[in-house]
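Same chain, two partners: chain A is paired with chain B first, then with chain C.
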Partner chain A sequence: MKLVTAVIKPFKLDDVRSALESFGVHGMTVSEASGYGRQKGHTEVYRGAEYTVDLVPKVRLEVLLDDADVDDVVEVIVKTSQTGRIGDGKVWVTPVDTVVRVRTGERGVEAL
Partner chain B sequence: MDELNAGDTAFILISAAMVLLMTPGLAFFYGGMVRAKSVLNMMMMSFIALATVPVVWILWGYSMAFGGEGAFIGGFDVLGMSGVTPESMSGTIPEFAFSAFQLMFAIITVALISGAIADRAKFGTWTLFTVLWVTLVYFPVAHNVWGGGWIAETFGPIDFAGGTAVHINAGAAALALVLVIGKRIGFAKDPMRPHNLPFVVLGAALLWFGWFGFNAGSELAADGIAASMLMNTTVATAAAILGWLVVEIVRDRAATTLGAASGAIAGLVAITPSGANVSPMGALLIGVLAGVICAFAVGLKFRLGYDDSLDVVGIHMVGGIVGTLAVGLLASEAFGGTAGSLSQFGNQAAAAFLVLAYSFVVTYALGFLLDKTIGFRVKDEDEVTGIDMTTHAETAYEFFTAGGHLGKSGHASASAPVEGKVNA
Partner chain C sequence: MSAPGSESGTEVLGADPGALTQRYRQARTAIVGAADLSAAQRRAALTDLTDRWVRDLFGTGATPGVAVTAVGGYGRRELLPGSDLDILLVHDGTRSSQDVAVIADALLYPLWDSKVPLDHSVRSLDEAASVAREDYKVALGLLDARHVAGDPSVSSALAERALADWRRHAPQRLTELREAVRARAERSGELPFLLEPDLVESHGGLRDTVVLRAVVASWVADRPHSAAIEESRSWLLTVRDALHRTTGRRSDRLLMQEQDEVAEVLGLLDADVLLRRVSEAGRAIAYASDVTWRSVDRTLASRSRRSVFRRRPSRRPLADGVVEYEGEAVLARDVDVTDDATLPMRAAAAAAQAGVPLAVSTLERLVAETPDLPLPWPSPVRDDFVRLLGAGLDGIPVWEDLEASGMVVRWLPDWERIRHRPQRTPIHRHTVDRHSIEAVAEASRLTRAVDRPDLLLVAALLHDVGKGWPGDHSATGAVIAQTLAERMGFAPDDVDTISELVRHHLLLPTVATSRDLDDPATTALVADLVGSVQRLDLLAALTEADARAAGPAAWTPWRAALVRDLTTRVRRELLGQRPVEQSSSESVEPWARTLAGTGAFEVMVAAPDLDQVCKVTVVAPDRVGLLAAVAGVLTLHRLEVRGATVDTVGDAAVQVWRTVSQYGAPPVDHVVRQDLKRALDGTLDVHAALASRAKDRRRSPIRSAPPRVSLVPDASHTATVLQVRAHDEPGLLHAVASVVADAGVCVRSAVVDTLGADVVDVFYLTDRNGRLLDDDAAHALRDHVVEAIGGRV
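Take a look at the complex of A and B:
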């Protein structure tokens, strides 16, 4: 099993979510995140005083998957969240030892 | 003694209520500009003035400011409002109406100072400061400018509604207090962004509305001067917003909400001393001047290295000076006004300087004494943690809801500070 984590632009969340839904992914965890990469931050001005805000708001999306689906899902996420401009985000995959469904106690692939 | 005029009386009673509303308005204006961890303390510093000053006013304040003909203060004949009855008159209005109206000015003047010392003042010390400051500074200054004291007799300054007595006074006191208690931790390094700009706009709107009572009401009659003051107050405020925003568009490439709200206050401040003596065209010019000059003045604190946190000096002292000096010239007949001249300009400057110097020196001494005795500043750790939680045992916003439970007394104790850490 694998954990796919994507950090993307917030306005792309809806597109990615519905694309994943049609692909057959039925659950995910979404959290608001902030950070920066090559995009860096932005500048705000208060009474003439400039503040550089280093961190840019992003959405972090996490999906647990069977190994077989990982490549397709990553491709779906990348395709739907791509704008071609800096700040589009990153997607990465990490191995997962085990997964337990809390309600039933099922383990492994059964619990996905 | 004049006969009671019902129109005048009704107008002043309503004006007094409007000026009272300015102080909660100021609480929102200032509260929105600080960080989320200190908004309650910021608002409380204004709100506590609504509690302390009326008590002081009836005990000795009214007597000191308006209760006699002394050179420095009025006198002590009207302590506890003794002898003032519903039949007592002040001009064409009841003395109670006059006294209540003037009381509201004392409240907001001391509340204005609090913006300079955001996030870091001990609440108990500030509360005591409001009592001592109005006593030692505001009452003598109000008497000198409006109550027939020495400055009024000697220079005859035009200060219709308080450019000198309120705004220069509060601004100079703010500067003195900042120099006594020092900068916020992280000043000019950490971004200290306003946490709620809609509050700032709401506060500015309440202030603008209340300011009609403040300015037009200062005529103490419902007449043509009050009407022209109301018109000029609107024009100057509008022009100052535009002036400030033009500076921002040229300098920062954005017209900001905070700039519009600040410009409005700068215009209101500048028209306060001058509005009854200038034409609408004069008011327009005063407004533009105030908006442009104050937009630059608020940047001075970074160059000079003093942390006037919410720009009480840059807006109220500078705006007050702009209005007080401008009326000396713009009130002349050449500009459609009624009272200005070169010699009047000199008198305006003298009165403004005297009040500025008196307020600065006495406030500095008072602040210094309070700081050396009971302390004026909270501990560093409490300031960084947030003065709302460490001083008031409250937080304005609920960011995390998990993990709360009821305390022994039945109060939820999720985010309350540990016992012994509360220090008012």
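Take a look at the complex of A and C:
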């Protein structure tokens, strides 16, 4: 089992959700996040900016998956959230030891 | 199993407590589950049943000197399915402590074993009095002491002593109690406005009714006589009964997930109706509580004053016909209430800005006896309304009192649809009406960010007014807001702005979180809908005020950053489209222009028009310091400045001031002219005269937003533009103009506007050669102005 985490631009959330649902993924965790990458959050030069922009608002998505689905899901997320401009974000995959469904106590792949 | 309530009660001491308890629990379950009992019947049945059980456990043998007393809720005969039993085993001190211990164990062990939630204590009469002296909560419980079993004379002694002590130590007890009420309100919120109220602990809930009884019992103050309070209390008990029975738990919080079921049990249509009725009940109790505590404060203050000072409390004038007396706003003695439709609004604004509540009697008179406002509202009424809204957090109590008394609905009929209206979204904490006034309070802290604070405040009040109707509340609200703004007498442009602000109050956060901000189409779309930088600033402030008022989840730094990003981009787009500024001297009237050309020195004070505004026209040879002198002289003559336009025509200055005389008739032309001459040649020290007035005047206690002074770049090619936004104070304009004069800077033209309690002043400044100030001079000037009016940029 794997955890796929994606940090993407906020306005892309709805698109990614629809795409994942069409793919067959029916659950995810979404949270508000802030961050920056190599460009330190600047997408263009602001004239007389009143605040320093380094932490840019993003959305974090987390999805638990069976190993077989990981590559496809990563592909879906990347394709859907891509705009080609800086600040598009990142997707990464981490292994997961245990998953339990709280209501029933089911464990492992049954709980995904 | 015998039917509930038919126990014979003749069991002898020593009968099997286990069996007694068993029968009690069964009978209790039956009563709790009986659907055909009303809440009041159930309370009585549970109390009677419990009394019988306790009596049986205690035994019917004679036990002189010892009694079992019910205190607190049990003492009040208010046992609900989830209530604790509050029991006090009291003795008169004639028995040995071993004796008492034996009797106590015989009673308490079975009580504990029964697993009925229990709050118990064993005390002698002296001990009880002593603990009550230390702890007001115990004292409060003892006020409801009721004999259940044992020696009745001991119970009576307990009750009499508790009441006597309560009355004797009333000032201290009530002070403690007041603090507790305040802390509890902060912790548990206000019942009328919460979407998940605690029926007991929230302000306006059942605990407040108990506190009110205690206050009345102390003989310090009386509560308002109103059937509404008793009805409200009874209703809340009924809802609490239904809640306990539905959840099977002892919690008193009416959670959203339970509201539908509770509504059904009570035979109500749905959860919204339930919440609305609970809200109304809470409001009646909260209002009674607030009024009673104010009365207590007054009584205690006058008691202490009488014993130390012999001075009578003063009556400080707040506005025409309104004075402050003992911490409340009341009507002046000679006021004719039936003739003055503008009085309620004026009194409300004065009270709010002074940070004092309206006295109950005053409010009642205003509601009952004043005629309705003419439509559209005259401009002094509109100004007062904006002043009322601009008082911020400190004005909310005044607003709530007006709301509760029905005054707001008279002013704004459409308000009725959003009163007590619940909102079922996770981010809102309050009912729509409360949320609206909270948004106004938040907006009052953002007034320095906009050109038209009055429009911001009104839009904040009306932004959710459409929620009382089905459909898109932004669109519906825009229509209602337009009607109401017209009713208030705003100019057509302003009506349009208010309506559009309501229509688009969700635009910025929606677009910021769901559209690509890098896409030029996004920015263009918003710029199109908003139309101008002025409206954009208003919309941004409204967005922030709305979100902050909704709750902590609605204006996180995350969301704020996105909205600010969008706003910056749209502002840049709109600025690029702005037409060049028109020269303002084109607005001077021809006759004034002619007069200016002759080098005359004239002051004309017109008679007050229908809106009480006196136009003062000044035509004089232009010189540095003229504006400061005129501003100061007008203030010294007690003329409140509502607006002014200042222009330069050749070598002369033409100033047109819209003023309102504060007390009585406006001054005569030549007196003002003479004072102005003396101010200019130095024989009248305006500054000193204003300073001595300021010393006598009490500083406004409300927390208004700090002033903002800024240079506006790119606003004009021919003058340096300085903008001042601040809370209105007499002498403010004089102070600013003096700083400008001291720096040797000329005021080529200026626009001064007082909107409610806020001023927005724009000065077009040049150096002595008529050119733009250089950067250093401009910034230095700005800093000096900031210093002079005590603000931060």
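Here is the rule we go by: the second predicted complex is superposed on the first by the 102 of 112 C-alpha atoms of A that agree within 3 Å, B and C clash if a C-alpha of one lies under 4 Å from a C-alpha of the other, contacts with A are read in each partner's own complex, and residues count from 1 in each chain.
Just so it is clear, a contact is a pair of C-beta atoms (placed from the backbone, for glycine too) under 8 Å apart; a residue touches a chain by one contact, two chains touch by 3 or more.
As the structure is a computational prediction, the values presented were derived from the model and not from experiment.
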Touching partner for A:11 - first (chain B), second (chain C), both, neither: second
If touched residues of chain A are counted for chain B and for chain C, the larger one: C
Touching partner for A:102 - first (chain B), second (chain C), both, neither: neither
Partner chain(s) touched by A:68 [first = chain B, second = chain C, both, neither]: neither
Partner chain in contact with A:34 - chain B first, chain C second, else both or neither: second
Chain B and chain C footprints on chain A, overlapping residues: 46-47, 49, 51
Of chain B, residues touching chain A in the complex: 191, 193-194, 248, 251-252, 254, 256, 258-259, 262, 295-296, 298-299, 302, 311
Chain A residues touching chain B - in the complex, by the definition given at the top: 44-53
Residue numbers on chain A that touch chain C, as the complex places them: 9-11, 14, 32-34, 43, 46-47, 49, 51, 55-57, 83, 85
Footprint of chain A on chain C - complex, ascending: 513-518, 556-559, 561-562, 564, 568, 572
